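Next, two complexes with chain A in common: one pairs it with chain B, the other with chain C.
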Partner chain A sequence: MTSQTLNKKQLINTQIKLMNANLNHIAKFKTFTKTENLESIRKFIFKNSTKFGFNEYKAEELVLAVDEACTNLIKHAYKSDSQSSITIEIKSNKTNLIVNIIDNSPAFDPRYVKDPNMIEYRDEYRKGGLGIFIMKSLVDSIDYKTINNGEFKNILTLVKQLK
Partner chain B sequence: MKYTIEHNDNIVIFTLKNDTLNSRISADFKAELLIICQPDIKALILDLSTVESIDSSGLGGILLAYRQLHEHEIPVILVGVQEMVRTIMNISQIGSQFIFCDTIEEATNYAKEL
Partner chain C sequence: MNDNLKINTVNKQNVVCFYLAGQLDAHSAPLLENEIEKVISNCNKLVFNLSNLDYISSAGLGVFMSFIQELRDNNGDIKFSELNDKVKNVMDLLGFNHIYDITNTEQEAIDKYSN
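And now, the complex of A and B:
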């Protein structure tokens, strides 16, 4: 990783920490890791995004970003094991909606997934990486951390600005 | 997945009737496309007029059709692509590979002139 990349990541992390200092908790949703439950997740995000002030288009962008993140967890991290759960927390400040996706699967930091070469992806039978790329493209910043207070958790944070 | 497939002088018109093209239906979507994307067709018209949103697996389906037909220089024509779907295609840098038309009639006329 270059020092420039590191500085950018440090700046984003600092910005997220500053945002976290003054957040309103809006809503929380917990569901089992079943693909059938993605529809409920989408509705939950859309409802709270529009309530926060996003127009339908911006809300749909956030819905898709969260959907890609959760689909990745269900299909790849949990390999469609439907007995585990994902918790989604929505918080806000005046200008940002913050979505925390919390789960117990093995650690995986999507920030370090290399963006796919779309020319190769398009022309060859490449798989994988497109969902994370779309997720990253539809939000303003992403953070990821793990915590272990007796129970291991991944927390993926997606931030979308109201602008 | 709800859809219709119509053949018109070797032009295949696939009309998807769902409002989302996502992981719930993408496996069925890809399976149908693999059947219809044959090297003897003149063009594939994908009518996405009802599709309001798409995810990476849905895009993967459209790319599958593109890859199957591109090597035979057969075009994929997308009809009625809504704003959100267009945005995701542009983000993924694949929009430029397709011909976009507003109606099936316009797409059919385009394909007949090839």
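And now, the complex of A and C:
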């Protein structure tokens, strides 16, 4: 079942992992799981991605991808719990900007969410379910892992190439 | 509370024009939902002038999807006009141009209701 959703974005994950050793840490941002904080998350991503060298267009794409990931966490994983937090880390190497979104909600790997059938979606006027599709469309690679060293964490990694 | 989106409505030729300014995201989407609810009890022909909308995410687009069927079932519609590039790119990504009338000017959108 999972193999159906594998695409070029997952295939280059191996490459990205190999590069993880030499990453520059750029910035870190921690915020509560409230929708009112989405705007400051977006500002944080925009500021750091233009500083890294993205043009405004590419920076906005990354902003939207991160918004969709965080909106999913806030609305679905945490429902109305606004006392938890999300941490966003930005790292880079020469050619990629890497955004880690870290939270401790129940494990959920968005890479294996099947892309919506857009024709059915349009014909049936479906609401919702498009956030993950948007997120996947706007970055070059997505990785996800869980870690448990005393505290359980999800780490969703979005990678966007400079060129 | 929902201060990242401003919504104004004006009646023009039996059409209600919504002027959205700011950001339509998961935070402001409920506000827009409420405003549309209020309007559609009296009028089901809507035009959204998005010239001052700087940002939209899937949560915002979902608001329109949740009303469109009911409106079309009652001979109404949602039409969009004056999108900036940023908003247009997101709508194109999801094929909104196949679902909705999207026009350059607000007047074109209004005129489509009388054709």
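To be clear about the criterion, the second predicted complex is superposed on the first by the 148 of 163 C-alpha atoms of A that agree within 3 Å, B and C clash if a C-alpha of one lies under 4 Å from a C-alpha of the other, contacts with A are read in each partner's own complex, and residues count from 1 in each chain.
The rule is short, and it goes like this: contacts are C-beta pairs under 8 Å (C-beta built on N, C-alpha and C of every residue); 3 or more make two chains touch, one makes a residue touch a chain.
Just so we're clear, the structure is a prediction, and the values are computed from it rather than from any experiment.
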So, after the overlay on chain A, do chain B and chain C clash or fit? They clash
Touched partner set for A:130, first chain B, second chain C, both or neither:
both
Ask   = Which partner does A:120 contact after superposing on A: first (chain B), second (chain C), both, neither?
value = neither
Practice item. State whether A:151 touches chain B only (first), chain C only (second), both chains, or neither. Key: neither
Is A:71 in contact with chain B, with chain C, with both, or with neither (first, second, both, neither)?
both
Residue overlap on chain A between the chain B interface and the chain C interface 35, 38-39, 60, 64, 67-68, 71, 75, 118, 122, 125, 127, 130-131, 133-134, 137
Listed in rising order, the residues of chain A that touch chain B in the complex are 35, 38-39, 57, 60-61, 63-64, 67-68, 71, 75, 118-119, 121-125, 127, 130-131, 133-134, 137-138
Counting only contacts in the complex, chain C reaches chain A at residues 1, 4, 23, 25-27, 55, 57-59, 61-62, 65-66, 68-69, 86, 90, 93-95, 98-99
Listed in rising order, chain B residues that touch chain A in their complex are 22-24, 52-53, 55-57, 59-60, 63, 66-67, 70, 83-84, 87-88, 91-94, 97
Listed in rising order, the residues of chain A that touch chain C in the complex are 35-36, 38-39, 42, 60, 64, 67-68, 71, 74-75, 118, 122, 125-128, 130-131, 133-134, 137
